[in-house]
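Inspection log for the structure reproduced underneath, given as structure tokens.
Chain lettering (A, B, C, D and E) follows the sequence in which the chains are written, and residue indices restart at 1 in each chain.
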Amino acid sequence: MAARETTVNVLLVLLLPAVALTALFIGEAFYITLATRIAILALAAVGLNIALGLGGLVSFGHAAFFGLGGYVAGVLATHAFNMEPVALGLPGTTDMPVIWLAAILLCGLVALPIGLVSLRTSGVYFIMITLAFAQMIYYFAISWPAYGGEDGLSLSMRNGFPGLNTARPFPYFIVVFVLLLAGLFLFHRLQASRFGAALEAARQNPARLAATGISPFAIRLVAFVLSAMITGLAGALFADLNRFVSPSMLSWHMSGELIVLIILGGKSRLFGPLAGAALYVLFEYALGGLTERWQLFLGLVLLAVVFFARGGLIGLLAGRPRHG
Amino acid sequence: MSLLVLEEIETFYGASQALFGVSLAVGEGEVVALMGRNGMGKTTTIRSILGLTPARAGRIAFGGKTVTALLPHRIARLGIGLVPEGRRCFANLTVEENLLASARRGAWTLAKVVDLFPRLGERLGQYADTLSGGEQQMLAIGRALMTNPKLLILDEATEGLAPVIRQDIWAAIRRLKAGGQSILVVDKTLSELLPLTDRCCVLEKGRTVFSGPPPVFTRDLQDRYLGV
Amino acid sequence: EPVKIGVITTLSGGGAGLGVDMRDAFQLAIKQSGNSEIELVVEDDAQKPELAVQIAEKMIQSDKVDLMTGIIWSNLAMAVVPNAVAQDVIYLSPNAGPSALAGANCHPNYFNVAYQNDNFHEAMGEYDNKDYKKTFILAPNYPAGKDALTGFKRYYKGELAGEVYTQVGQTDYAAEIAEIRASGADSVYFFLPGGMGIAFMKQYAQSGVAIPVTGPGFSFSQDVLPAIGDAALGVKNSGTWAKDLDNPANKAFVEAFQKEYNRLPSIYAAQSWDTANLILSAIGKASVKDKDAFRAALKEADFASVRGKFKFNTNNHPIQDIYVTEVVKEGDVLTNKIIATAFTDHGDAYADKCSM
Amino acid sequence: MSLALLIEQFLNGLQLGVMLFLIAAGLTLIFGVMGLINLAHGSLYMVGAFACAAVAAATGSFWLGLVASLAAAAAAGALMEVAIIRRLYARDHLDQVLATFALILIFSEGTRWLFGSFPLYLDIPPLLQGAVALPGGGQYPLYRLAIIGVGVLVAIGLYLLIGRTRLGMRIRAGESDREMIAALGIDIRSLYTIVFAFGAALAGLAGALVGALQSVQVGMGEPALILAFVVIVIGGIGSIKGALIGAILVGLVDTMGRFLLPKALALMMPATQAGPVGAALASMLIYIVMALILAFRPSGLFSARA
Amino acid sequence: MAERVLEVKDLEKSFGALKATNGASLDLRPGEIHALIGPNGAGKSTLINQISGALAPDAGSIRFLGTDITMLDTARRARMGLARTFQISSLAQEFSALRNVMLAVQARQGTSLRFFRPVMRDASLTEPAMRMLSRVGLAGRANVPAAALSHGERRQLEIAVALAMEPKAFLLDEPMAGMGPEGSKALTGFLHGLRQEAPILLVEHDMDAVFALADRVSVLVYGRIIATGSVSEIRNDPEVRRAYLGEPA
């Protein structure tokens, strides 16, 4: 079974570059964009999956980090453009690595207090308190006029990466894809590591974990912050993909969508987020072109996944997860 | 006539087989002890009787009616009261509610259960998950009695009880037996169990390997199957 | 040579009514023109900015559309338009005119065939000067809401009894209505789009407060009037169009729309109809492949607008008359009737910031 | 600002709270007591509103519409339970999330298919039109008073049903250990179908009653859903009393925040800024309150098990 | 090393009107098995929970290895060397038996913030864990998820996890419960030897085991220790007989 999962995973990884390369070859740039979109949403979900899949922390507020990451990209680029300092005399930038770092750091910094408070609760209370924090940020963003409020913020062009022309779809896809691979690798090692073991135990039985001498709170907090950082990075990439950020990236719909991607693909499975994002985006795209009732059919497809693909898409393709 | 009959049942947890052919019978008014080492399939047998983990092969009949394919609540309604392994009290119900929720008319009433376990009487308004382990065990027994079953199934019902209480329970079981109650019991205290049972049924690796009255279940056999 | 037009609009979810009207009118106009060289690509944005962006990319990169149109909401327009026009696609707005795109960020590829967002509010502010001295204004707390009240105040000269910003998506207005009652206002002006406006009007009528209400046409247009019901009767509101506007183009439009779809057209349908006819007129004059020529042809605005007079300002936004209409009942159907003209040949406040 | 206005706003907050409770009532039953995460609760609310509006328009009677809303929502609920939800009790909560999320999409588009894209008309019944005079000179709409009445009745009814009846015990027992209650001879499957349909009917009732005050349109259920969850969680899952008090707290905080915050800020900053900033803060307020409450009482104000 | 490994003084804990612990004091000396017996609901588990840190006492103090640990959280106490088992098995259900034990090994090593090295390929975790499983006789079930173990096997696993912590004191809450006759016998022998490694506070209703093992016995009734003494003293204490032991079996 393990071998089968590996095969499925390899195929999944190859899928995106294969699509992108084919698209490049036949001159259908849009499919590169679509693949990029899948990769970014997958990365965001990989981040959430650390908290949700491994730690059982169903954060209904990860859009906050996704959106914050996006706004970091948007705000820094805007300031680089109009040459006004962002804050404390720091200039804006259009340099992707700097933006990423800033997004990761900011999301970590914001996730820390949110985690400190939220992790006092558990279960549905955790779901709702994370939602509460995200909603606060959302309403703030809607009504704060400086960066466009509800109308959002347009980037006049995509931020740059040294040595690459990111304005073109393919090089940007490569950048995103490499980051996705890095995210997946991180998740993979994390899951198998001592930290991962402690985190999964904290989900299954926190009292047991504490009784062996590991504080579930500390483990969860680290996981939550890490998770927010990765999702934030994905947010920055998403802003660059769309050359646009708006509060809708911060909305609870977005949080819900990230959760749905994970469940769709297979919770706590390494490639669940990628499979889920691919399926979701493809259906959204394909059905949207076919009929104006596409949401109805999307609903039916999701129901079918719940019933016929236990353990999500990966569960369907690769069988039950390995327990060790 | 036998109240409960199991014929060569086989049961699986998903793909892994736990029972490979268990046969067993409990007659009206009979007390039968189901025995075996840890992990040999006692609990699984009980789960199969109640349809919680339905048997995939073999036949189970209760009161002359084949129940192998029935849903658990239908089987239970035919008159089986279960004291499950691990207590499984309803955590978010009070003691009183636990007792009343599934009660059926008959000789056992709230008053009589409280009489049997005065400790529960003191804690009627307390939520079950805050009870001590032993109190939960008493509650599980009381809850099964309140369904006024034809057949009482006790899966390690004396686990975690203080010696005095345990003696009370054994006394109660003796009284029940005297009153004609049929009982299927899993318990590790052979010294209490053997004098009381009409028949012993021993499982090993998911198979019935011995069945007979206590006198035939010699020290030798006990040692062989239970490691006493 | 066929012309490909990408229509991104809202066809699902709560805001779908507007998008459906928009699309229906557009398709009808193209059909009636008999021009078989025009190919439409219609997609649903589900009122999500990110999805709209994705569809726009697809239309530009994959479908290779020549023109784009269809977006109903300002925030979606802000997501799509700057990028689309930067890729040398011409975008025509059939609704929504955020101020950001009218001023410094105006673009030769961006044509607004509807209005600049402030227009309706400016008109009502101007008109309210006539009857009222102390008005109470409210709008949702987001950019369009603030723009609305700014627009109103730009022309309104009386005193303000109160200025309240409500929550986006709010459904209960008891608190605001109580404040209005206590404010001593002689009138109320509100901008609450979609369901918010319906809820406000119903609750306002139920509250028994007798202070007259005025609003922008969106809150009393044909798509929402049936839902508000008689509570809307007699309310004055501003608009660039009403179905009784007396010109041949409008008569033909209303009749054709009613015949085809068996319902009255809304202002979104009217604006969309104009957008389609503007495009048709330009196609007759120039090839879409020749962008400069085509832009010039569009700018001439040589088409029969259902709004009567129509021409483009320097920033490619309309210069048009803005009317005040009143909700009336025709038979048992609620609709709007023009009672006054608030502005003639009105442009917008941002045109001089546009360096085009 | 007069005292009378302050009192009226207080009443408005109270009333909004009871209205929120009404919206949350069905969810308390299905989610709080049965333990099922039903994101489609908002959709059932919408079904109720649409059924009421459609039947009221066809027959001219709000009351027939109300009956229709109960029937339609209960039927939709029962169907949903038998066809879908029933298979999910034993599964992970997250599977329930995915399935009921899918149901939201299906319900929304299905409703649009049936009723078209435009909001429907639904007005309050003539019997309940008009206002009553409050002591102190104010006026209060009769219909809103009626909603308070219905909300309180539903609260009492649910409280008794869940806390005092055998049926309530069994539902709660099912939530704690479904297999065990079945093993004790209770037909928990049918019981859950009935209770689910009942919860759905409550959602439908709320949709009809509240729908008459709002816009009956596709998508009306989602904000209602979020607020309902907020209310239940603040109050403590499984507690009817908690849900009622949580709802009233949210109603009061929201109303008073909207009313007072801009005024308070105006004392500190220019009026042009105070309005928007105050409104922004007001819209965050219920979430701030929820976060604060959960930070200090991680399982709500009145967790069913204190 | 202090003369007393664990020292509980005047502990009090109320649940509403119920005083579950009512001024209990007791200690644990190096190398001993100290049995804590008493009627159901007397407060034994509550006491264990307070010592392990799962519950905060209302009053009183707990010292461990000379340090006051009353205010420390569970994990800190566990790291100091206090290992407990649960009366009702409490394991990571999805993890195999082996991984459950490995968790304890990792906790003892204090290395849970390592993010990269896969645990299953880490002999410094798997080997000690495997050893512990063998000691309790579960080696053959190492790869079975805890959820699929039988009740008795789970009880054994609880002990293996405690062992893996290499603690300075054991708090065992009814380890015999759920073990069959053979299991109880084996476990009794095992605990007999275990006291050399660390002293044991043993809560147990199985009197055969208690009388065979205990160096000292304390009797808890209504949250109060009513007697402490040797096995024979306790056995013959009339008060204890009445409240707890009942008629001689």
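Rule of thumb we're sticking to: contacts are C-beta pairs under 8 Å (C-beta built on N, C-alpha and C of every residue); 3 or more make two chains touch, one makes a residue touch a chain.
Computed from a predicted structure; not experimentally measured.
Undergrad: What are the chains that chain C and chain D both touch?
TA: A
Undergrad: Between chain A and chain E, how many steps is the shortest route if every step has to go to a touching chain?
TA: Step count on the best path from chain A to chain E: 1.
Undergrad: Can you name the chains that touch chain B as well as chain C?
TA: Both-contact set = D.
Undergrad: Taking each chain's centre as the mean of its CA atoms, how far is chain B from chain E in angstrom?
TA: 28
Undergrad: How many angstrom between the C-alpha centroids of chain D and chain A?
TA: Those two chain centres are 31 Å apart.
Undergrad: Give, as an integer number of Å, the spacing between the C-alpha centres of chain D and chain B.
TA: Averaging C-alpha atoms per chain gives centres 44 Å apart.
Undergrad: Starting from the mean Cα coordinates of chain C and chain E, work out the distance between those two points in Å.
TA: Whole-Å distance between the two chain centres: 73.
Undergrad: Can you tell me which residues of chain A touch two or more of the remaining chains?
TA: In chain A, the residues touching two or more other chains are 139, 142-143, 145, 293, 295.
Undergrad: Would you please write down the residue numbers of chain B that are in contact with two or more other chains?
TA: Residues: none.
Undergrad: By residue number and range, which residues of chain C touch two or more other chains?
TA: Expected reply: 12-13, 141, 146, 165, 167-168.
Undergrad: Could you list each pair of chains that touch one another?
TA: Here the touching chain pairs work out to A-C, A-D, A-E, B-D, B-E, C-D.
Undergrad: Could you pull out which chain D residues touch chain A in their complex?
TA: 31, 37, 84, 87-88, 91-95, 97-99, 101-106, 108-110, 113, 226, 229-230, 233, 237, 276-277, 279-280, 283-284, 287-288, 290-291, 294-295, 298-300
Undergrad: For the complex, which residues does chain D have touching chain B?
TA: Listed in rising order, the residues of chain D that touch chain B are 166, 169-170, 172-173, 175-177, 179-189, 238, 304-305.
Undergrad: So in the complex, the part of chain C that touches chain D is made up of which residues?
TA: These residues of chain C touch chain D: 12-17, 19-20, 141, 146, 163-169, 171-172, 174-176, 178-179, 182, 194-196, 198-199, 202-203, 206-208, 223-224, 226-229, 231.
Undergrad: Contact residues on chain D for chain C in the complex?
TA: Checking each residue of chain D against chain C gives 1-2, 4-5, 8-9, 12-13, 15-16, 19, 108-109, 112, 116-121, 123-124, 129-131, 139, 141, 143-144, 212-220, 223, 255, 258-259, 262, 271, 275-276, 278-280, 282-283.
Undergrad: With touch defined as at the start, can you tell me which chain E residues reach chain A in the complex?
TA: The contact residues of chain E facing chain A are 52-54, 73-76, 78-79, 83-84, 86, 90-96, 98-99, 102-104, 106-108, 110-120, 122, 125, 143, 145, 161, 165.
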